[in-house]
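Next, two complexes with chain A in common: one pairs it with chain B, the other with chain C.
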Partner chain A sequence: MRNQHQNGTNHQVRHYQALSPAQINRFGLVELGSSGPLYRFCVRLFGILALLGIVGFMMRVASSGFSDRAAWGYYVATVVFIFVTFQAAPTVAFAIRAAKGHWRRPVSRIAELFAVVGVLNLILLLPVLFLIPPITGGRKTFWFELHWLLPFSAPGFFLFFGMLALVVCGLCLLYLSALPDFAAARDAKGGIYTGLARGWVGSQRQWKMLKSGLNLLGAFYLMTFVLVTTLFAWDVSETLVPGWKDAIYPAFHSITGLQGAIASTILALGIARKFGGLKNHLHMEQFWGLSKPLLATSLLWFYMGWSTFLTYWYGRTLAEQHVLQLLMFGPYFTVFVMSFLLKFLIPLLFLIWNRVRMSIMGPVLIALSILTGDIFEMVRLYVGPFTITEVGHEMTHVPAAHLPDFADILIIAGAISGAIFIYLVSSKIIPRISLWDMKEGMLLTRVQSFHRAEVLVIGKPE
Partner chain B sequence: MQDRKVLTETQINSELLWFVFNKPTRFWVALTISGLLFLSGVTAFAIMVIFGLGVTGLTTIVPWAFMITNFVFWVGISHAGVMISAILRLTQAEWRRPVTRAAEVLTVFALATAAIFPLIHMGRTWRAYWVFPVDFARGIWPSVRSPLIWDPSAIFTYLTGSALFVYVALIPDLAIARDRTTGFSHKFYSALSLGWRGTPAQWRMQVLAGILLSGLILPVFVSVHSIVSWDFGMSLVPNWHATIFAPYFVIGAVHSGVSGVVTVMAGLRIFMKLENYITQDHFDALGRLLTVVATAWLYFFLLEIVYGFLTLETAETAVRELQILHYPYNIMFALIFINSYLIPVPLWLFKRVRRNIWLMFVTTIMVNVGMWLERFIIIVPGLLYRAPLTFVWGDYTPSVIEVTLVVASFGLVSFGFLLFSKVFPIIPIADQKEGQAIQEDIKIGRITVPAVIRE
Partner chain C sequence: MVDKSILGLFKDPDSTADAVDSLRKAGFGNHTFDILSGVPYPEGTFGEHGPGHKLFVFPLIGAICGFSVALLLTLGTQVSFPMVQGGKPLIAIPPMMVIMYEGTMLGAILFTVLGVLFESRLPRPGVGLYDTRITEGFIGLLVSCPEEKIGAAEQALRGAGAEDIKTESASGGGR
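Right, the complex of A and B next:
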């Protein structure tokens, strides 16, 4: 039922809809298991592309094996791209929940749903473990070697278990968050939801545990994400390059991940609103709310990158000059410029304007720009280091740029499509909107008169 | 917000202006103590001017020590104002209202105090103008490529911006004070309140100015401590030349600054009896914020340490060894971690601790002790590295003069803060009234939930 406050000056009042719990349930549950023609087309398309990705992988194995590390640079870049974008998205759900903004309610689940992509990325990570060189032979490292215990090198050991913990935590977070909704689906539909709801009856004790659990798991997910990002930064790129000693790099990489997380969420929101039938749930507030941290992370990305650049520029040791050549001004100069434009300059020039932030199309297009920039960024940070075979304190020469071949293109398209495919399929099992969160929001929100205006009154129980 | 109070506008006016219009004995006692501390610093400085830098513990090996540490520390504390005020204003955090002014004022006085220390450190302070491009006939041009030249520019930009920030938010309160005074005080407040009448147009301008200043000062806030860090990071001194220094200094500054705000808030609540305004909720919210900030600081702290060992370069590992294993630096190193994270953060995880004013007061002081030592540990051991073919192996022990100057800086900041709170309301009156106006309650079943009207 659309409210009657169209004359209110506050945009939040204009978009406010008073819905009953039954209406919220009906909307959220009707789409589970059912699908439209566009959805079916997308699932088939991304499924086929994912299969082509597997073909690309086979081609790569057949042509290069696992001994030629340089040939796998684009594969690794793709794995990290999925990690710092889709797999990072659940951190957004935690952050906005911790900030206790009411506008977040329709956003949380769309972000949390990205946790399922982690399963695919964990599988994609397996070949990477065999590609990371062991720490013996002069390679600088943070770790001790475990070659007597494991088939892959010690850095791979830590990376794998870090990623496993992240995926498990993400799935637990998603499951816990969806538990009350599974119970609603159980009561309406039965079937698999009877098992998934696990006896949820909505007692006070259960709600208390749910809220604490979401906070704890969310915090754990964020910290594990930063840890795994640090491991990627250390073991899969930085320590492969002699002389690359950049203490800020793991933090820079984490910020890249948080920026990618927000961009992925905004893009998913935009698509869900335009094509996914969520027009009545997703309004400008959600895009506006997310565009501010998107601008902040874009600025932080530049700030941290600038900090590295300036320190190296002033240091001017031979090792530093070579690292700058490799990452910025040498063979990957075009890639660096693209990354800089798409991840910083375009977001800054547009998101600085409130009119762009307070729109739906603006943040979505900027999110698309950032995600495209992330592909270039991962190529810059991973493909180059994977071409280096030297060990020691500094590079003696910077290798030429490694360009992608047909197998690489299939792998990139296939892996990203596989992630989208998994997300789409999951969205038909788990409600895309957190029904209980929406109902709670309805309970805590009122529209009332304040002098001559209509205003939104928001309850703050905590 | 659970323990919010319903206050009338008259009550807010009278309570928040009480300290401005009355002269309680405790104020004069506090002002005298802080004034004496400050005077001890003036005396120490006078001795240094008469006898030269030889009265300090500085040597040719360690030319930067206590005074530069103190400079970095106060620049760090100054980050509190913007962190609290601008960010919370932009994010419309409702609990910000009583906190902002004190944080902004702390910024101004901390920054002004910080700016004094490089001047004192010069030894021949009267020749400070040599670092500026004045008197072109001398043909002496400071190198614009040096971060030491960027530093004063950044600090004075930040100081100007922060002062403006305080002033713009103060105008409605100055008008309230103007309307309640006579004689010289009336003239003083009239001049400062710039004809404020509280018309809709004036309010619109004031709000707009607040938002614009919040947005504009944020990059300045980040740049100031980054540039301070580049004073060190741009050199090739082992342990100083690290890419992480700029964000590490900034996050450390935020940790230190927000802790400083909590200390000041607790002090104000007790000293000025502001229990109706500075409530346990504010300490709770700041405690949560501090937990996040401290954890981010820890991440950077660990990265900085870990990278010291990454390349196993002799000079770098020697400095780390000095920091971590050798007395007295090892004690300081342990204290940094214990004071700034290990004790306070686990305590802040408990709501009961976050809502205990005395515990918050003590833990935040601990943080700042740790953060002062952190700056010392960064600056001094890097210089103490015994380079090959160096025959003068120096060490550093601070002299009484340096210790007095550091102690006096706390006196100066307190003195300025107290004077400000005697002349101007330290809690924004207009902001507080607005907060009261948008307070609401909503009923859900049989429960009444505190609510706010969305701004």
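Right, the complex of A and C next:
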């Protein structure tokens, strides 16, 4: 039921709905569990696009094989795009859970659900392992070789190992978070949920373990994410470019990932609110809460990029000039400008305004801008380096821009659609709102009079 | 002697807390009863004793195992197949640290999951004495005791205002 006291109070009180656990169960398990025509249409659409992506992949293999590295630049850029956006999103769930923000309750599961996309990206990563050149032949690298053990080069093994750890961690995090909801679904529906709930009964011990486990796994996810993004930065772009020796680059890449994580979460929240039946649970405070770190990461993205640029611009050796040409002012200048506009300038110019931050549509549109910018950014950082065949300490020339062909477009659309497809299908099995989190929120929240206003009083037992 | 179980269902935390007090007065120790809920109530809400655990030992052991395996892998690789890269020493610590970090993380993650499952006493083949109303907002107070004390437990639960009481025989030991 809607709160009756509407006068002279803040937005949180106006939107507060006192729901019983049974009402929350019914909403999460029955209303959200039903599939409307729009959902079915989206699943079919993205499923077909994902199949077209497989066609594009086959075309790429048939036309280029794995020996022509340049032909795979857009494929690699797509894999990293999915990594720094969708696969990064569970870090948001951990951060806001650790901060103990009450507003995060309807947000956590939507961010955690992105962990399922990791399974797809782990599969998509496999061809990349064969595309990373061996460390022999004069290529500068960090690693020792493991060719005696593996069919692909040593850096590939370490990248795969890190990604595997991240995917396992993400799935465990999601499963653990959903365990009490599986138990609620078991009690209401039975079926596959009986197996998924694994005998969960909600004892005090189980709740304590669940909360501690979520904190630990969330921290490990963030720590592993930073490592894997560093490995992508080192082994799949930086060391392919002779003369690119930048210690800031992995940190810059991590910030790109954190910005992409927040943007993905905000966009998913916006879609879930508009089309996913969560209008009564997602309000301005969720978007407002996330728009502040989105602005902060946008500023950090510029700061880190500027630091890289300035060092190279000031050094101005031939090798440094070539690196700047490749990444910023040469054949990919348009891509760089688009990335700069969409990932920094537009977010900055709009998010500095309270009216934009304190809205729903504002952060959603900015998130869309950032995610579009991320596609350009990954093209800039990965397609260019994949065209370089030189080894040694500096480039002698900057190759021309490598434009996408039909197979590349199919691959980009197919891979991103595949990620969305997996997310949509998973959201039907795993409630896309954390039921136990919502129930706990109800338990700890009261509307009380404060002089002539009504305020929301939130208990914080920890 | 085999313990029997009895489950009292309560509508609100206050009556559950009263039942916990009554059980204590009737001589039931902290380890003989457990509170089941569909919501994580703050620790101590019912005056219950907080469960002890050793969860944090699990990731530590996992991290040590993962670190050790990664150390052996990197050392073993470089010693067994010596190949000098870029003038770096054969046993080069900086790249080894990255692998050891990965191994440490993977070990800690896997052992954390094992720790959560072990400390939560999961997975279980069934739910034992349980009621589906618990996920709908009811609070269950599950007492396990020798058969001759079941009557005293039931009396304590009823006295505190239990909405319903289930025993293993009445519910078939299941849901």
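Just so we're on the same page, the second predicted complex is superposed on the first by the 458 of 462 C-alpha atoms of A that agree within 3 Å, B and C clash if a C-alpha of one lies under 4 Å from a C-alpha of the other, contacts with A are read in each partner's own complex, and residues count from 1 in each chain.
We take it that contacts are C-beta pairs under 8 Å (C-beta built on N, C-alpha and C of every residue); 3 or more make two chains touch, one makes a residue touch a chain.
Please read these numbers as outputs of a predicted model, since none were measured by experiment.
Within the superposed three-chain model, A:Ala22 lies in touch with chain C and out of touch with chain B [touch as defined at top]. Contact with neither chain B nor chain C is seen for A:Ile192 once the two complexes are overlaid on the shared chain. In the superposition on chain A, contact of A:Val61 is made with neither chain B nor chain C.
More residues of chain A lie in contact with C than with the other chain of the pair chain B and chain C.
When the two structures are aligned on the shared chain, A:Leu210 is found in touch with chain C, with no touch to chain B. When both complexes are overlaid on chain A, the residue A:Leu341 reaches neither chain B nor chain C.
By the touch criterion stated above, A:Ala183 is placed in contact with chain C alone, chain B being left untouched. Once the two complexes are laid over each other on the shared chain, residue contacts for A:Ile271 go to neither chain B nor chain C. Legend: residue contacts after superposition of the two complexes on their common chain; A:Cys172 is shown touching chain C, with no touch to chain B. Of the two partner chains placed around the shared chain by superposition, chain B and chain C are both touched by A:Leu443. In the superposition on chain A, the residues of chain A contacted by chain B and by chain C overlap at 140, 142, 443-444, 459, 461.
In the complex of the two chains, the chain A residues touching chain C come out as 20-22, 25, 135, 140-146, 148-149, 158, 161-162, 164-165, 168-169, 172, 176, 180, 183-184, 187-188, 198-213, 216-217, 220, 223-224, 227, 231, 436, 439-440, 443-444, 459, 461-462.
Partner chain A is touched in their complex by these residues of chain B: 1, 90-91, 94, 219, 222, 226, 230, 233-234, 236, 241-248, 299-300, 303-304, 306-307, 310-313, 440, 442, 444, 449-454.
Across the complex, chain C meets chain A through its residues 34-43, 48, 50-51, 53, 55-56, 59, 74, 77-78, 81, 83, 85-86, 92, 94-95, 98-99, 101-102, 105-106, 108-110, 112-113, 115-116, 119-128, 130, 132, 134-137, 140, 142, 175. Partner chain B is touched in their complex by these residues of chain A: 10, 12, 99, 140, 142, 226, 230, 239, 245-251, 292, 299, 303-304, 307-308, 310-312, 314-315, 317, 393, 443-444, 446, 448, 450, 455-461.
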